[in-house]
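Below, chain A partners chain B and then partners chain C, in two separate complexes.
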Partner chain A sequence: MEKINNKEAISLTISCSLGITVFISSQIIASECLSSSLINTGFISLIAMGLTAIICILYKKFIGISFLDITEFVGGKFLKFIVGTAFLFYFIFTLAIVLCKAVNCLQIVYYPMTHPNYTVLLFVITAAIACNLKNNGFLRATFILVPIVIVAIFFIFAGNLKNFNYENIFPLMGNGVKATFIEGTTNLFTFGGIAYILFLPQNLKRPDKFMSVSLISTAISSILLTFVTATIILMFNKNVTSGQLFPLYIAVRYIEFGTFFQRLDSAFLLIMNIAICSFLGIYSNLCLGIIKEITNISDIKPLSYCFVLLLYASTILIDAKFELEFMQNIFFKILFFCVISLGLIILILANLKKEFQHE
Partner chain B sequence: MSKNMLKFYAIVILALVFMYAFSASYTSDSVDNISYVIALAVDENEGEKNLQVTFEFMDTSTFSSEGSSESKSAIIDTINATSINSAINLLNAYIGKQVNLSHCKVVVFSDKIAQKGIGAEVSELMNNIQVRPSTNIIICKGNALEYIQNSTSQLEKILTKYYDIFPNSSEYTGYTSNIMIGEFYNYLTTKECGNLAILGGLNPTISPSNSSGNPSNNSADGSSSGGSSGGGSSGEGSGNNSSSSSSNSSSSNNSSEDSSKDSSEKEKPKEKPDNSTPISKMISGNAPILGERGTENIGLAVMKDGIYIGDLTAEDTLCHTLISGEVNSFLLTINNTEIYENYLDIELFENMIPKISVKIENDNPKINIDIKLIGRISGIKDGINYSDEPSNLDLYKISRATEETIKRCITDYLNKTSTEFKCDIDYFYNYAKRRFLTVQDWKKYDWSSKYTNSKFDVKVEAKIYYSLLHSD
Partner chain C sequence: MNIKKIFKYEPQHKYDFNIQSTENATVQDLNSEKLDQKVNMSLQENLEFIQSKFNTLISSDVVIRKFSLICKNQKYKAFLFFIDGMTDSVNINHFVLKPLMQRNQQSKNKSAPPKTRQINLSSFANYIYNRLIPYNNLSQETEFDKIISDINSGNCVLFVDTLNIAFDIDAKGFKQRSIERPQIENVIKGPQEAFVENIRTNTSLLRRLVNNQNLIIENIEIGELSKTKCALCYMQNIANGDLITEAKFRLNNISIDSLISSGELEQLIQDGPSAGIPQILSTERPDKCVKAMYQGRAVILVNGNPYALIIPSVMTDFLASPEDSNLVPLFANFLKVIRLIALIITLLLPGMYIAVTNFHQELFPTELLFSILVARENVPFPIIFELLLMEVSFELIREGGLRTPSAIGSTLGIVGALILGDAAVSANVVSPILIIVVAITGLSSFVIPNFSFGFHLRVYRFIFTILGYICGFLGIGIGIYVYLATICSIKSFGVAYVSPISPNISGFSLKYFVPPFWKQEYRNDFLAPKKQVSQDKYSMKWKKNN
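So, the complex of A and B:
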């Protein structure tokens, strides 16, 4: 991957969290925390900011060095391979689960007669094209697309203002303090961008700006999560937040400005489809980068086709063999905490090792 | 084989695969294969199949290029089935096109079926991706089929537009409310409250000919049975299908005999409405209106757990819309002989959204409502000298009388909801939730049973101005 500037890095990191926020986590937060969803959102946003800051501080001694090289520094090539594989598994799982959710939604709304596998194939081909674009074409596309998605989310919030029931934020503590602040911490998985941040420094044109880039992107992701959750919580009760379609899409269906400006759901779904393509492009490139680092293959491009086939198989497997709700509610959260903990432990160990070497 | 040729073949094969895969969805959603329903009516069927579902379509072939001055006829088909989805399935087979509810503007349930509960039907509709949350929901006094047959207005020839605008009067009369299925479903699934639907009824002055489309009278008895949907749902039902005219337009299938019958019956003198009905008792079907529109929408239907339990009169509905802040302006007639000997018409405007708070006193709710209004005297009936501008004292008296009248109405209405309907239809539970910290505490309180012991403290502040444009 070519070196990217700060703005591109911010848009990439936001995009990584956005796919998870819109399709998966906002619905989970709303159904688990009920009326305290906004408090939970604020709480996990603070934790995410803290976590990002810790990662940035731990990275200070390794400016411009890739995370997997740091891992090799800590535990040799074997550890690098293990950690690389773990992150690879997490990123492929993230892609598969978001793709699954998006495709299921598309099937319900637009393609009732088409088998979801074909729709998955269509997205996977887009990912393959994104991997093979020269000059990081998908980066430029993401840079343009992310502001459009942000505007769409604000528009959905503003367009539904008249439909909001502001009393839905009561009782303030929702399912209880434990559910909001202890069990609710697991909702941190919505910040998928934090895992991406670990792999960001070596791609930055100005690695010294790593901290500001990371904090800004986490802050913007938090704001977006707050708006998405607020739209859902202020509009619906629990029954609507546990449906098959992602609730933000249902919220768009309520937007009407008189009899002229109606039915904006098609436009929203179009934007979200392009956003998924961008999401796939980012994660696929990242995965190929990890494969390249752990295998030392000089030209990774031909492997992109094998990778997208793996992605295709994973998505179909999750869709066909597993309970999607279990995968996104439990397994996804566990996986996120495992990889983030692994990342932090390695960074801490690397800092300690460097400290000992100096002594 | 060169690399480029390989790429070319791969692209062609993929294109063919996608063409094959997505053509089925494209064909099913193609405009040519779809007929759009604009209104849906659900009646009780006394036979084995417990629903009689009526679909209203626009006959788009009658649209003229000269504009919209001519009335467009509607096509009405009725199916007897076990569920709405079964009826849709059977209708798909009957009309040869796929029924689509994307443009469905209203769903009408008859009072009989609503009394048995419509929760399942509403849930069925809300889970249909085609049904928009902005579709209006109506509970009709009498037959729902007759309601949509007579739903038309001489003032709005395009039926879809008529359905779009008919509930708008809630903003300037307060005698109805613009209740949509999305909102209805949201409250249907909330245990703490009851919910409301638009109340519809037939205008008693309308000629009987306009309700001749009752399938029991003139339907082509084309019963069919069996058939399962592509989606796997069982679609059993016998089909009573009729194509009949709406009240002021003729269907393409109507015979000339029917038309002559219609015209002869239209000439009959219309039944005079009972003009003694006060707004405190006025609901759809008994309003003192003599007109061409065959239907009325005055009042609201009260539902509890999806079951129709009673009506809100025009006055009750005005109180409800005042509390919810839906009504922007309304007319109030004051009949207070201490101020004026005769009636006094005052146009009132809601100054700000009412302030509502709920306190828990002795484990029972105490609901405070603070309403602020401004108004102007829009008419004073003969018998008094109105050539002089009323003094400030008079305006003060009128303001107090207005406040007293509205306060009494609202208190009566709220007592009716807590004692007669025994359910919270003004959604005060939203405000009560503030008093609890967790959902568990809130559920433990059991609002729906405590609401029946509620005490209401209504404060109304009205400032009345004199604003007659001319005085003799």
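So, the complex of A and C:
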């Protein structure tokens, strides 16, 4: 992967969180916290910022060094392999669950006669193409597409202003303080970009700007999460937010845009498809990068086909054999906390080891 | 009928012509084209050699003029070798043959002024060079490789007995097209000059417009057999050194037999195949080339072709018209917006139409949807068939219009568009709304200023149509991402194709839109020019001083 500049890095990190925010987490936050969703969003945003800052501070002694190299420094090649595999599993799972959710939604709304496996196949082929493009093509495409998706999110919020029921934010504490601030902390998984941040420094053209890049991207992700959650919570009651469709899509159907375009949900679908492709491209390339690092394969491109097959298998497996609700509400959260804790522990140990070495 | 023949077997004598595989022979021929031989002192040997190389027994336009040259009271055999039609006969008669064939008086005249006597008469070659051929562009050559190449490009060569050099006289005089108005890249307010086929005329056009000694024009020959002259032009003090080195490296490492056009060269030097997306800008306008060179780009000219190649080129260049810089920024940017809309329509409208009508009918207001349905009521074909039929018909009309003589071309377009379209609707083969869709798409494709770029959009349009038909906006969304990612993965001579939009290196990059001329203080940073600043912060000093 070629080195990327700060703006590209920010767009990548935002895109990583955006996929999870739009398709999974906003709905979970709204259904779990109800009227206190916005407070919960603000709370987890603060935690995310803090977590990002901690990662950046821990990275200060390892500017421009890959996370897996730091792991190797801490515990040798074996630990590098284990940690790499754990992160790989997390990223593949994230990809699979987002894809699964998006495809299910598409099937319900537009393609009831099409088996979801075919739709997944289309996305997987896209991921394969994105993996095989040269010169960071997927990355530059993301840089162009992310602003469009952000504008779409703001547009949905602004377009629905007159449909908002501001009473929905009361009572302020929703299901209670415990649900908002303690159980609600688990919603931190929406910031998938934090896991991506761990793998960012070695790709930056200016590693010294790592902290600002990370903080800015987390801040923008927080704002987007707030807008998405606000749109959902101010428009719908619990019945809608806990449904199968992702509520942001339903929110678009309420937008009235003159007499020419009767309903804009199809246009939203187009933008969201592009966002999923972008999300797939980033995560797939990240996964291939991790595989390359833990296996020392010089040319990873041929392996991309095996990877996308694995992704395809994972997605249809989740879709067919597991309860999607359980996977996204519980397993995904646990997995996120495991990998982030693992990342933090590795960084802390690396810092301690470096201190000891100096002494 | 001969009855005997009925019962008699005779093997058939078939005339069976097959071109034999000449793989080895080709290699040998190619090798033998590299003429290492030098000019011999024996005139006869030189004559035989060059006669064999030019196949003088077969070639009718090759002229060998044998004559005797008198010098220092001695008679030397000599011959002139040139190709009829490529040289200026009058010049050869007056300034080559006449002085050479006249009895040299000066060698006898002892009372000549001392200045003339200073010429080194001991060297026979120098004597001919300095005294006998009054020509401004004359050189002494020893390599047959160079001599033959120059003869092919219109020079006249003199061989003299006892001399192991030949005199290469630039006596070109072939007929050529004069400088005319641009055929494709027309502008209203800008210069009205276009390149011609002759490379020297083209370089002079550039030199005249650049008007700066830092303009470098390097000649490079491409083609083992054709030895086509190409010129790499750039501003020495602006263009990035690495870019020029890379351009020279690519141009000097092309192993082909012949190069006829700049289109061929474009394919040979571009970074990769890139799925048909043009990577190098081709233009017939010298002013566009000069502007590019002042930005820090390089220009490649090919002899025999009225198009120059500009390297590196980015996507926004293909959507820019030469008119843009001549207009007020407001108008230029308005046109740029129109072009951007045209790009989206050309690429996506048929696909979108088919996606909306097949999958996402809710996007349209009910009344419009009804009218579409009513219009399609009597059409027996599926919408994809209708659309492809009309698109292919449109392409046929366009191609037919191009290939027919210009007098009939426009008529063909009108006949095709009006009569065929109207007849198709009347016969219920297609719906009227589809005619509108195809017509708008066709019109939009004409708005794209660059032919190659427009062409790639035309081809990709069919892919988007099929994607829209298969899975609606899902397919189109995936298509847009793949198309965009593909475009983003392209590099043109080390520059990202989507520069300066992505990667966005710095704040002062010139983006898609044209800023006012006084605000264009910096050159495009993606070109990494030697001089970043192109004008003072206050370019209009008259305003500031007052």
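Keep in mind that, in the parts below, the second predicted complex is superposed on the first by the 354 of 359 C-alpha atoms of A that agree within 3 Å, B and C clash if a C-alpha of one lies under 4 Å from a C-alpha of the other, contacts with A are read in each partner's own complex, and residues count from 1 in each chain.
Criterion: contacts are C-beta pairs under 8 Å (C-beta built on N, C-alpha and C of every residue); 3 or more make two chains touch, one makes a residue touch a chain.
Small disclaimer: the values here were computed from a predicted structure and weren't measured.
A.B. asks: Touch test for A:Thr85: chain B only (first), chain C only (second), both, or neither?
C.D. replies: A:Thr85: touches no partner chain.
A.B. asks: Is A:Phe143 touching anything from chain B or chain C once the two structures are fitted on A? First, second, both or neither.
C.D. replies: Only chain C; A:Phe143 stays clear of chain B.
A.B. asks: Which of the two partners, first being chain B and second being chain C, lies in contact with A:Glu256: first, second, both, or neither?
C.D. replies: A:Glu256 sits against chain B, while chain C stays out of touch.
A.B. asks: Between chain B (first) and chain C (second), which, if any, makes contact with A:Ser341: first, second, both or neither?
C.D. replies: neither
A.B. asks: First (chain B), second (chain C), both or neither: which does A:Ser212 touch?
C.D. replies: neither
A.B. asks: Would you sort A:Leu122 into first (chain B), second (chain C), both or neither based on which partner it touches?
C.D. replies: Both partners, chain B and chain C.
A.B. asks: With both complexes overlaid on chain A, does A:Pro171 touch chain B (first), chain C (second), both or neither?
C.D. replies: A:Pro171 sits against chain B, while chain C stays out of touch.
A.B. asks: Let me test your reading of the model: by the given contact rule, A:Tyr110 touches which partner, first (chain B), second (chain C), both or neither?
C.D. replies: both
A.B. asks: Just chain B (first), just chain C (second), both, or neither: which does A:Ile274 touch?
C.D. replies: The second partner, chain C, only.
A.B. asks: Kindly list the residues of chain A that each of chain B and chain C touches, one partner per complex.
C.D. replies: Residues common to the chain A contacts of chain C and of chain B are 110-111, 114, 122, 259, 262-263, listed in rising order.
A.B. asks: What does chain A use to touch chain B in their complex?
C.D. replies: Result: residues 34-35, 108-115, 118, 121-122, 125, 165, 167-168, 170-177, 236-237, 239-240, 245, 250, 253-254, 256, 259, 262-263 of chain A touch chain B.
A.B. asks: Which stretch or stretches of chain C touch chain A in the complex?
C.D. replies: 272, 356, 359-360, 362-366, 368, 471-478, 480-482, 484-491, 496, 498, 501-505
A.B. asks: Quick check on the complex: what are the chain B residues that touch chain A?
C.D. replies: Chain B reaches chain A through residues 14, 17-18, 21-22, 24-25, 27-29, 129, 132-134, 161, 164, 182, 186, 189-190, 231, 430-431, 433-434, 436-442.
A.B. asks: Where on chain A is chain C touching in the complex?
C.D. replies: Interface residues on chain A, with respect to chain C: 4-5, 7-8, 106, 110-111, 114, 119, 122-123, 126, 129-130, 133-141, 143-145, 259-267, 269-274, 277-278, 281.
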